[in-house]
Structures are given as C-alpha cells and as structure tokens.
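Dropping the structures in below, format is structure tokens.
You will see two complexes here that share chain A, one where it goes with chain B and one where it goes with chain C.
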Partner chain A sequence: MRDAQFFRRWMTVAAAAVEREADRLTELDSPIGDADHGSNLLRGFTAVRAALEADSAASPGAVLTLAGRTLISTVGGASGPLYGTLLRRTGKELGEAAEVSDDALRKALYAGVGAVAQLGGAAPGDKTMLDALVPAVAELGTSYRAAADAAENGARATVPMLARKGRASYLGERSIGHQDPGATSAALLLGALADVAEAS
Partner chain B sequence: MRMLLNSPGTVVADALRGMAAAHPELDVDVERRVVVRRNARDGGRVGLVSGGGSGHEPLHAGFVGYGMLSAACPGEVFTSPVPDQVLRAAAAVDSGQGVLFVVKNYTGDVLNFEMAAELAEEDGLRVERVLVDDDVAVTDSLYTAGRRGTGATLFVEKIAGAAAEEGAPLERVADLARRVNAASRSFGVALGACTTPAKGSPTFDLPDGELELGVGIHGEPGRERRPMMTAREIAEVAVGAVLEDLAQVGPADGPVLALVNGTGATPLLELYGFHAEVARVLAERGVPVARTLVGNYVTSLDMAGCSVTLCRADEELLRLWDAPVRTAALRWGC
Partner chain C sequence: MSGPVVGIVLVSHSARVAESVAELARGLAAGGPVAAVAAAGGTPDGGLGTDADRIAAAAREVDAGAGVALLADLGSAVLTIKALLVEDELPPDARLLDAPFLEGAVAAVVAASAGAPLDAVAAAAEEAYTYRKT
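Moving on to the complex of A and B:
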C-alpha cells in the first residue's frame, strides 16, 4: 500500500528531475515550440514543492490534487492545464483513503491520462505527452519501471512523428525529426514514480 | 546577447512596474499580473478581458483603456496567463453586464481561458468567449491545432471595445467580435529569430540571406524557408495569401482595414517601405483600403519581420473602428 508520504516523495523526485532536465526540455522546445517548456515546468514544480511543504495534505489523493491545482495556477501555457489535470484527476480518483493499493493507483492514473486526452483533444501519434503517457499506463500492470521505460520509449518514438496538436503543429512537415518536449517531460514524471516505488 | 533587463526571471514584473509608473490611469497589479482600466466597473459596461503570453507588447496591456479592453492579463514570456489571473481580471471588471474573453487560438491560451470561464461562471459571472484565428499560414484541418490568432486580435479588441463603450449588451459585443474575426486574415514573415530572456539565444537558426514565410508570433519557425526576398516580393506573397483566403468571406468589392505590423526588430523606415508595397498590391488588385495602421502592435520580442492583416469592414465596423479610443498604445478621437 502507498501512503501520502509516497506521493510527496514522487512529487519531490519529479521536481528534482524537472530541475535537472529543465535546460534539455527547453532545448527540445526550441526548434518546434517556443523554448520555454523547461522553465515553465520548473516554475510549476518549484511551486508544488513549496505548496506541499506548507500544506499537511494527509492522503494520496489530497497530495496529488494539491500538486495539480498548483500546476494549473503557476505554469500557464498548455502544460499547466494538462499536467494539472493529470494530477488532479488522478488524485480525485484516489479519493480520501489514507493508503492506496498499486491497483488503485493504476486505475487512477488511467483516468488521469484519459482526462488529459479529453482536455487536449489529442490522441497517441499526434506528437504530444500522450505518446509517453498512454504506453506507460498500459505497462503499469507489469511494474512501475516497465511503465517508465514505456514512457521513455514513447517519448523517443515522437521523433519521426508529424505534430498534430499544440504549437509544433503549426510547423507541419517541419515538426518531423524532433523529440516532443511534452512527451519527454511526461517520461520524467513516470521515471520519478518508478524511482520512488523502487526505493520504498 | 545583451538585453536591457535586471534578470530573466523578473522581466514581466519589471515591465509591469514600468507600465504602472508611466500610466497612472491604469490599475496595475504587478504581483498578480493583471492590468485594469481605472474605474472599469463604472457605467455598467460589458467587460472586455484579453491576455496571453508577454513578449507581444503593446498587445495586450497596451490596449487597456477607454474604448478598448477593460483588463489584460499578461502571462510569462510566450506563455498564456493562468486561470487565476483571468478570473481576477474578470472579477475586477464585471459590472453585472457580463464579460467577454478575447482569446487567441493557441492550445495554452484556449485551455487556461476555458478553465477561467468555468470558474467565473461558478462565481455567477456571465462569460462569452471569442477565439481569434486569423493566420492563413496554418492549414486549418482536424489534424492541426487550427489557425493561430495574430494581428486580427487588435481589430477584434478595438471594435468590440467600441461597442462595449456604447453600452451594447454582451451577446452583441461577442457577435461583433466574432464577425471581425471571421472577416480578418493575416500572414507573417520573419527575417530573423527572436531571443527569449529565459533562453538567452535565438529560438531558431535563420542563416543570413534567408527568411521564414508564414511565421506566428512566438518565435516559432514558419512553414517554409526561402532565400531573402525584396519588400515588394514579400508584399506580393503576404497580401496574395491573405486575399486568396479572404475570398471565402465574400465578394472582394468592400473596403478593408489594413494593419502592417512590425514584429519587434524591424525599424519603421522598413515598415513604411514595406507598407508602400502592400498598398500597391492592394491597389493593383482593386481592394479599397478604408483605414491603415503601420507600426509595432503585435510583436515577438526582438524578432525582425512583419505581418499583414486585412479585415473586410462594412459601415458598422468602420464606425466602431473610428470611435474614440484612449489606451497606452492606441489613441484617437479623444
């Protein structure tokens, strides 16, 4: 079973990963976007860290909804509402239980990813964060590491894709040949989850 | 790269402090990033709220004031505002007549304004939204995010603002805004990339002697790169693309509003020279121009380049366009 502490660690490790990789995310966002994905997520996850320190969110659901709400209020752009919705919806699915099973987390994440797809109107293959998230939730039944690897592979698989959603879609054919920054940051989030699960 | 700033992290707040110092007629909340027309609630008008990423100055905060926007919410550089900002702006300007959100068609802007609209309606505000999507360089199909909102934003904000100032109800202000958007088309060209303060280097690499056709306003590359062209050739391409698409709106005999816009690093000397070519192409094609603006209105930081926006204007739109406006960046008639 996973308690609130586990989810706090997930968010903290995710924040550290975003901090470490912010420049790379921004670099990926330069040729096909507007060169701010790293700095935007860094601002958001720094705020998440501060919000969690200031708040006594005592259940897994409360931790994730607080993190999601904080991202919506601080990131802006498309990634704020999309990541915010992912975490908020996942948190809401987890409800108020003090501890949740891995199976409950799997189902909640599945719902969270569904909410992201609905909000952004994108599907796998459109060169967005869903190309990492969808294969990842499919692998959650195997292990957290398998999910993280699937997200990583999914992010790499966006390189030859033609962008159909988000700002990269304005480039048409010229979006081909670049890894999607959103899929890359989604892989960081799943990687953090695997790291925390393996350490606990 | 040398920039006139204190630090990349404070660039938006610093600009807002400067705006507050220069324009005592505006209420500038630097911390929460909302710029409100003083006494916005007086007169029982419909509120007009717009916003988007910073880096497009004078859009949008420069258009807050009499006859135009009631409030603007500037986001981080090239990043849409967050719902909290939009909600604060809406609450600050609503006098019970409702609020119109003017939103440019970018995924981030659309999502954040959508969330704000939901929250505002939960608080009992009446909200309408108009989506600006005038950029003909983007193929609008099910497989893209749709056309970008660019120069037409200024036409929408001016004309809807004039209607709100006259006391028109929310539905009519929203209808007019949608009509202006539907009658407007834009095309942009970059002669160089821009540099965001956070990144500190150009967002894309444009070799000497080349230009990008069909660019947006975020320093993203366009759809096509070509060897450098003359102002005359660029005007042919830009005006041609706009008119071809505008033909869908109806017969081409009516007058247009024209905006020849600089994207930040192109001097007015070049913009006026370019405008001479735009005016020539329009005359050759038999398109009467009713009003023209030449200048930097929808910029992309220090990007060199320009865009052309045309709006088919009937008598009503022209009357509202001519109505008095008094903002930091646009003023006439009062």
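Moving on to the complex of A and C:
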C-alpha cells in the first residue's frame, strides 16, 4: 500500500528531475516550441514543492490534487493545465483513502491520462506527452520501472512524428526529426515514480 | 441596460493584446452603456503566457449574475480556461466561447452590451467564424 508520504516523495523526486533536466527540456522546446518548457515546468514544480511543504495534505489523493492545482496556476504554458489535470484527476480518482493499492493507483493514473487526452483533444501519434503517458499506463500492471521505460521509449518514438497539436503543429513537416519536449518531461515524471517505488 | 448583463473575459498570451482587444471591442460597442470587459493576458511576471489566477479573478470581476463569456487566443489560454471550468473555479454561468479572438470579442461585447443573454452572446461570437475576408 502507498501512503501520502509516498506521493510527496514522488512529487519531490519529480521536482528534482525537472530541475536537473530543465535546460535539456528547454533545448528540445527551442526548434519546435517557444523554448520555455524547462523554465515553465521548473517554476511549476518549485511551487508544488513549496505548496506541499506548507500544507498537511494527509492522503494520496489530497497530495496529488494539491500538486495538480498548483501546476495549473503557476506553469503559464500548456503543460500547466495538462499536467495539472493529470495529477488532479488521478488524485480525485484515489479519493480520500489514507493508503492506496498499486492497483488503485494504476486505475487512477489511467483515468488521469484519459482526462489529459480529453482536455487537449490529442491522441497517441500526435507528438505530445500522450506518446509517453499512454504506453506507460499500459505497462503499469507489469511494474513501475516497465512503465517508466515505456514512457522513455515513447518519448524517443516522437522524433520521426509530425506534430498535430500545439505550437509545433504550425511547423508542419519541419516538426519531424525533433523529440517532443512534453513526452520527454512525461518520461521524467514516470521515472520519478519508478525511483520512489523502488526505494520504498 | 436593464438588469445584469453578460460579462466578457479576454484571455491572451500577451497582456497588451488582451487589453488592446478589450479597448477595441469597448470602442466599437460604444453608443450606450457597455458590458463589463476584463483583460487577462500574460504571466504574473509580465511575460507571454497564461495566468490561471488572473483569469479566475477577471471572471469574478465581470460577473454580474447574467453569466460570463470567455474568449481565448491559443494553446495554454484555451486549456487553462477548460481546466478551470472542470475544477469549478469560475463563476457558475461561465462559458468558453468557440470564436476567433478579436472578431469574436467585438461581437460578444456588442451583443452583451445590447442586453443579450449568454446563449445569444455565444452565438454572436461564434458566428464571427463565418465572416470570410476573401
């Protein structure tokens, strides 16, 4: 079973990963985006860390709901409402239980990814974060590490894709040949989950 | 105007774009009392982007009880409004309009200023898509 502390650690480790990789995310966002993905997510996850330190969110659902709400109000770009919706919907699905099973988390994340797809109107193959998230949730039944690896492979698989959503879609064929920054940051989030699960 | 009218919120990546479009729409709707229009553009530090708190505050500011129509430019502006709607963080009768930003804003402000209800304000703004320029 996973308690609130597990989810706090997930967010803290994710924030550290974003901090470590912020420059790379912004570099990936330079040729096909507006070169702010790393700095936007860094601002968002720094705020998440501060919000969680200041709040006594005592259940897994409350931790993710607070983190999602914080991302929506602080990121400033499209990744804010998208990641915010992912975490907030996942948190809502987990409800108010003090501890949740891995199976409940798998189902909640599945619902969270569905909410992201609905909000953005995107599908796998559009060169978005869904290209990492969808294969990842499909592997959650195997292990957290398998899910993280699937996200990483999904992010790499965006390189030859033509962007159909967001700022990159205006580039048409010139979006081909670049790894999607959103899929890359989604892989960081799943990697952080696997790290925390393996350490506990 | 008799009774409360629909309020309008303009959400752009740029504070200056939001304010300028608001000014243009108010100007073109003038001739009588003009509906409340709030501009919610840019990030808190003055950069390009979307500020969820500013959007929610703008919607509360123009809400007179007849509903709030929100127009957005691109990407995160659209997604942030949708996320706020899902979270019930906007006034109860808030609606994101599917309309071109500038033309839709003018149509919405004109309709709202004439006392049209939210459905008619939305229809006026959405109709702006059908106006071809060539």
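Quick note on the criterion: the second predicted complex is superposed on the first by the 200 of 200 C-alpha atoms of A that agree within 3 Å, B and C clash if a C-alpha of one lies under 4 Å from a C-alpha of the other, contacts with A are read in each partner's own complex, and residues count from 1 in each chain.
Basically, a contact is a pair of C-beta atoms (placed from the backbone, for glycine too) under 8 Å apart; a residue touches a chain by one contact, two chains touch by 3 or more.
Quick caveat: nothing in here was measured; it's all calculated off a predicted structure.
On the shared subunit chain A, the superposed partners chain B and chain C overlap sterically.
Contact with chain C, but none with chain B, is seen for A:R69 once the two complexes are overlaid on the shared chain. In the superposition on chain A, A:A104 contacts neither chain B nor chain C.
Shared-chain residue A:V137: touches no atom of chain B or chain C. Of the two partner chains placed around the shared chain by superposition, neither chain B nor chain C is touched by A:M129. Contacts of A:A78 after superposition on the shared chain: both chain B and chain C are touched.
With both structures placed on the common chain, the touch criterion links A:G120 to chain B and to chain C. With both structures placed on the common chain, the touch criterion links A:N40 to chain B and to chain C. By the touch criterion defined above, A:L171 lies against chain B but remains apart from chain C after alignment on the C-alpha atoms of chain A. Ranked by how many residues of chain A each touches, chain B and chain C are led by B.
In the superposition on chain A, A:R88 makes contact with chain C only, while chain B stays out of contact range. After superposition on chain A, the stretch of chain B whose C-alpha atoms clash with chain C is 116-124, while the remaining options among 116-124, 224-232, 260-268 or 278-286 stay clear.
Shared contact residues on chain A (touching chain B in one structure, chain C in the other): 34, 36, 40, 72-73, 76-82, 119-120, 166-167. For chain B in complex with chain A, the touching residues are 53, 75-84, 106-108, 111-112, 115, 137-139, 143-145, 148, 196, 198-199, 203-204, 216, 218-221, 223.
Per the touch definition, chain C reaches chain A in the complex via residues 43, 47-53, 74-76, 79-80, 82-84, 86-87.
Contact residues of chain A toward chain B in the complex are 26, 30-36, 39-40, 43, 72-82, 119-120, 164-167, 169-172, 174.
Taken together, the chain A residues at the contact with chain C in this complex read 34, 36, 40, 69, 72-73, 76-82, 84-85, 88, 119-120, 166-167.
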